[in-house]
Amino acid sequence: MTSLEGIQAAAFPFHGNVRPILNEVTHALDRLLETGEATVIDLAGLPFGPGELEYLEASLGTGELSATLDALGTSCIRETAFPGVWWLEHRNALDEVVGRYLEITRTPEILSSQEADIVAGRARLGDQLGN
Amino acid sequence: MKRTPTVGEVLQAKGVSRRGFLKYCATTASILALPPSMIPRIAEAIENARRPSVIWLSFQECTGCTESLTRSASPTVEGLIFDAISLDYHHTLQAAAGDQAEAARHAAMEENDGGYLVLVDGSIPLGNPGFSTIAGISNVDMLKETVAGAAAVVSIGSCAAFGGIPGADPNPTGAVSVGELVTDKPVINVPGCPPIPMVMTAVLTQFLTFGTLPELDKLGRPLAFYGKTIHDRCYRRPFYEQGKFAESFDDKGAKAGWCLFKLGCKGPMTYNACATTKWNSGTSFPIESGHPCLGCSEPGFWDLGGFYEPLSTGNFDSGEKLAGAAVAGVALGVAAAAAGRRRQAKFTKEG
Amino acid sequence: MTTVDGRHEIDREAERLAYKPPEVRHDKQGDMGSEERINKAMHHFVKNFNSQTASYLDGCLHCGMCADACHFHVRTDDPRYTPIWKIELFKRTYKRQVGPFAFFYRLFGLKRQVTIEDLEEWQHLLYDSCTVCGRCSLVCPMGIDIAGLVSMARHGMFKAGLIPHELHEVAKRAAETGSPLGITPDKFEDRLEWMADEHDVEIPLNVEQADVLAVMSSIEIQKYPESMAATAKILNAAGESWTFRTDGFEATNFGMLSGNPEWQKEATMKLIDAAIKIGAKLVVLPECGHAYMAMRWMGANMYGKPLPFKVMHISEYMADALNTGKIKVKKLDKSLTYHDPCQVSRRGGATQAARDVIKHLGVDFREMEFGGDYNWCCGGGGGVVTITRADPLRHRVFKLKMDQVEATEADELVSSCANCRQSFDDSQQHFGWDYTMGSLMEMVAENLEERKS
Amino acid sequence: MDLLEFARGPALQVAAYILVAGTIWRLVGIILLKEKPEFSEPRARGGLGAALKVIYTRSFTADPFKPATLYPKILAYVMHIGLFMVVFLFVPHIMFFEGFLGFDWPGLPNSIIFFGGVAAIVSGFALLVRRLTHPVLRLISNFDDYFSWFITMLPLATGLLIPVRLGVRYETLLAIHIITVAALLIWLPFGKLGHTFLVFVTRGTTGMVFERRGAKT
C-alpha cells in the first residue's frame, strides 16, 4: 500500500441489527393501535455497524410531516414513511447529534406546546399588550 | 453555607424552554442508559437537583482521562451538567496553582463536608511516597485526607480503578488502586484507558439527579455500562457465530469486517459500553476501525497475555517440559512393565 | 473329599458321548484349601498376561454390547452371561497385578481381591455358559477378543482345581489314555478294520513313510465311525500317500478346553511327533472344530517353532482337492444348509472352504441368515457339551440355532464338526426336532466319482 | 493470579504433562509386557495393514449385530461426533491448538458447533440413563464408567454455558471450562477414557491376529 488512498473503508451491506429493530417497531405499532400506548426506542443503546444506521433510516423512509425544533441546538422530528413511526434526532449547539430515537406514537410529545411555555408565553403576550 | 441553585433554576436562568428541558432530559436518560419511559421522573428530579461539589485528584496518570472528558465533543448538553456541578479542584484545569489550589480544595471540603464527590484518576504509589507528590503532599496522604469527608469516590480510568499501567508487572512504584486504600466510602470504578466520557458524566448525572450512586458489578463498575461485554454488543458478533474471522490485519476477512477474535480481540471478556456508546461523538469504536479490543477496562489488562494473542490460547511453556513428561511416561511405563513381568516370573516360579 | 474317582461310566446310549451325570458332583479337584486355590488361580491368571491380552483387558469400555452377541445372554437375559463379565476375575487380577497402574490398584485397594466364592461362581460362567465361539469378539467396538480371554482364564481355574466335574474327568482320561473317551490304539485299530470291511475301503495304518497324516476325533471313532471310512475314501480317491497312525490319532484336545496347557501340549505333541516320524508334508484334521484351533493355530506355538508340515481341516482339504480336480463329486439334487463350526469358520478363517465343497456338490445351497462367520454356535463347543449340569442351559440356547436352520427350509443340514454334530443330535432328541445333522465329509465321500485311470 | 490465569497457565500445563506422561506410561506398560510368540503358518498377511484395516472397519457395526446394538451405537456415534465437532472444529479451540501446533484448519459456524455440543450432551445423558437402567450395564459398570462420564460431560456443559452466561462473568466461565478440560486431560490416560488411544491398540492387535488367520475381523 503506497498511499492512504489505497485504504478502503469496509463497505459492506451488513444489516444484521436492522431487522430486529424493524420487528420491534411493528410490535410497537400493534400496541399503539390496540391500546394507544406509545413506545420510544433509544437508538443510542443499540449496536450498529458501519452503514447500518443509514440503512435503518433509509428503510423507514420519509413521510408527510417533518418539524424542526430550535432549543439547545436544533432537533429534527420527522414522520417516516410509516405513519405513527417518528424519527427524532437531537443536535447540540455545535450541530452534533446527541440523541436519536424512534417514537411510535400519534404525535411526539415534544411537538406539543408545553404547559410551562404556554404560561410563560401568555405572560409575555400580556406584557406586550399591556405596553 | 451558601444556597446552591437547583439545576432547574440554572436552566431557567439560561432561558432554556420546556421543550429544551425535555430534550435535555431525554439525552440524560440516554446517558444514564435508562429507558425513555423514565424521562418524566428524570425531569422532576433534575428540576430540584442541587449542584454538588466535586474535587478531582490526579495521581500516577497520563491525563488521558481528563482529556477524554474535556474533549468530549458534546459540551452543550453534557456541559450543562458541569455547569450544574461545582468542580472546585482539578489541578490540570483550574487556574489556581500551589497553595491557592490547595486552599480551594480545603475550602470545598469544609463547605461541603460529607456531601462532596471525589474523583480520582491515576494510581497511588505505595513503594515510596516520593514517587508522586502534589504540592509536597504524597498521593496517599492527599487521598486519605480528601476522602475523609466525601460522600463517595469515583475512580476514573483503569489506573485509579485497578492500578492500570503503573500497576502492571513488575509494578515498580508499588501502585495500587483507590479501592485498595479507600474502604469506608462508596467507591465507584469507571475503568477504561481512557473511560468513555459519557460514562463519567453519567455517574455524575445520576448523583446529581437522584442523589444516588449507580448499581455496581462485582468490580465496582456501574452495571448500566459495564453489564455486558463488548462481544455481546459487537456488531461483528454474527461473524463470530458464523465462524468468519480475520486472520491478519490486511486479509480478505479484515477488509470484509469479519470478527477479530483470532487477532486477539478481548471483547468476550471485556465489560464496557464502547460498542454502543462509541467514541469521538459516536463515530466508531476500536473494532469498528478494524482493531481488536484490548480489554482496557478489565483489571490487569496490560498483563493478560499479548494483545494479539487469541483469547483461547493456552499459556504453554516450551515443548521441552512436554518432552520431559514424555520421557517420564516412558520411564514409568518401563518400570510398570518390569514390575508386571517380575510378578509374572515370581508367580510362575511359585506355580 | 475332593479327589475325584476317574472311573465314571461312559453313557453310550446318550446322543452325545459323555459321562453319565455323576451321582455326587465333584466340581472341585485336588486337596487344596481356599487360600491355595485363590493363589493358584491368581498365579495362573497372571502367567497368561502378555502385551496382547493386556491391551484387551485395559481396553474394555463396559459398553455391554458383547451381551447382545452371546447366545447365552440373548436366550436368558441373565446379565451374568455378558461375555466380558465372564472374565471379570481375570480382568480384575490383571489390573491388580500386572497392568500399568497395578501399583495404585494394590496401594489403594481399587480392585477387590478375588475370593473363593467368586471363583466358584465364575466356574459356571467360564465353563457352563461359554462355548468360546467368539461371536462376542466380533461385536466388540474395541475389537477385544473376549473368547480368547476366556480360554486363558480357564488356565487359572484348572490350576485352582475349579472346573466342572465331567470336563475334568474327560480331560483327565484324555491325558491318561490318549483319548477323552478312552479309545486305545488297539481299539482304534479294531474300529478301522471294521470300517474297512464294512465299506470295502482300504485304510492304511501305521505306514512308515507317508505324505499325509490323517487324524481322527474320538467322537467320530466312537459315535460316527463312518467318518473314518469317509476320510479314507476321499484320501484314496485323491491318490494321496497317506496313513492313520496308532501313535498319533487323537485330534481332540481336552487339555485346551479344560484349561491345562501341559495336557494341551502333550496331546498336540503326540500328533506332531507322529507326523514328523513319517515325514508327513500335511496333517489333515478331522471334522472337529477345536482340533483345528489346537493344531492349525496353536500347534506351532506348542512346538515352539514353525511346524515342518502343513495343517488342513478336512473341509479345506476337500475344497482344495475339488478345486484342483484331484477328486470329483456327483451333483446332488437337493437343498442344503451348512452349520459353521465356530473354531473352523469364525475363529479359524476356513469359512470359505466348506462353501467351495458345497458348490462342487451342486446342491441348492441355503445360507443361513447371518451364516458363516456370524453363525450361532451349536451351544456345545468349548467343552460345554460334556457338562451334564449345563444341559438345560445348552438346550435353551439351541433354540437360536433351530430357528436359524428352520428359516432356510433346506432339505438337509450338514456341518464339518463332530462335536457340533453330537450336540445337535442331543438337542434334536431333546426337542424332537426334524433336522438331523449330517457330515459334509461323509456327503462328499458318498458321492465321489470313480477316478478314471 | 486470577482464576483464568491459573486455568490457562499452570492448570493446563500440569494437565498436559500428566496427559502425555500417563498416556505413554500406560502404552509402554502394556506394550513391554512379554510378547506372545506366534509360529503358526499365516493364511494371509497380518501386520500393520491388517491392524489399520480393523482400526477402520471396527468403526462400523456388522449387519447381524445392528438390530440389537442400534440404540447405543447411535448414541455413541452422536456423542463422539458431537465431541469431535466441539473439540476440533470450534474456531476458538482450533486457535488453542494452533497456539502450540503452529497450524490451523477450517472450523464450523458456532450454531452448528452448539448443536453438536447439545447433541453430545443429550446422547451422553441417554447413555448414562441406559447404564443406570440396563441390567447388563448395571452389573458390569464401575466407578470408572461413571466418573469418566462425569468428567467428559463437565467441559461440554461448561463450554456450552459460556455463551448462555447465566449471570456469571465470561472469564470466570472460561476459567471453569478450562479447568474442567484440565481435569479431563488428567483423568484421560488412567481410566476408560484411555480408549482414545487404546482403541488403536486393541483393534490393531485383533486385526493382526485374526487377519493372518484369514478369520473374520
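All chains are identified by letter, namely A, B, C and D, in their written order; residue positions are counted from 1 within each chain.
Operating definition for what follows: contacts are C-beta pairs under 8 Å (C-beta built on N, C-alpha and C of every residue); 3 or more make two chains touch, one makes a residue touch a chain.
Bear in mind the structure is a predicted one, so any value in this text is a computation, not a measurement.
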From subunit C, the most remote chain by mean C-alpha position | A
Ranking chain pairs by contacts, what comes out on top?
-> C-D
Where the CA atoms of subunit B average out and where those of subunit C average out, how many Å apart are those spots?
-> 80
Separation of mean Cα positions, subunit D and subunit C [Å, integer] | 38
The distance between the C-alpha centres of subunit B and subunit D, rounded to whole Å, is 42
Dist(centroid_CA(subunit A), centroid_CA(subunit B)) in Å evaluates to 31
Multi-partner residues in subunit D (2 or more other chains touched) are 25-26, 28-34
Enumerate the residues of subunit B that touch no fewer than two other chains.
-> 332-333, 336-337, 340, 344
So how do the chains connect up here, line, ring, star, complete, or something else (other)?
-> other
Name the touching chain pairs, would you?
-> A-B, B-C, B-D, C-D
Within their complex, subunit B touches subunit A through residues 16-20, 22-24, 26-27, 29-30, 33, 35-37, 73-77, 233-238, 250, 255-257, 275-277, 281-282, 284, 288, 290
How about subunit C: which of its residues touch subunit D in the complex?
-> 49-56, 58-65, 67-69, 73-74, 77, 79-80, 82, 84-85, 88, 98-101, 137-145, 296-301, 303-307, 310-311, 345-351, 370, 372-374
Subunit B touches which residues of subunit A in the complex?
-> 1, 8, 10, 12, 14, 16-17, 40-42, 44-50, 52, 69, 71-73, 75, 90, 92-94, 96-99, 101, 109-110, 114-117
Which residues of subunit D touch subunit B in their complex?
-> 2, 4-5, 8-9, 12-13, 16-18, 20-34, 91-93, 95-96, 98-100, 107-111, 169-171, 174, 178
Interface with subunit C, subunit D side, in the complex: residues 25-26, 28-41, 43-44, 54, 58-59, 61-65, 68-69, 72-73, 76, 134-142, 144-145, 190, 192, 194-195, 198-199, 201-207, 209-210, 213-217
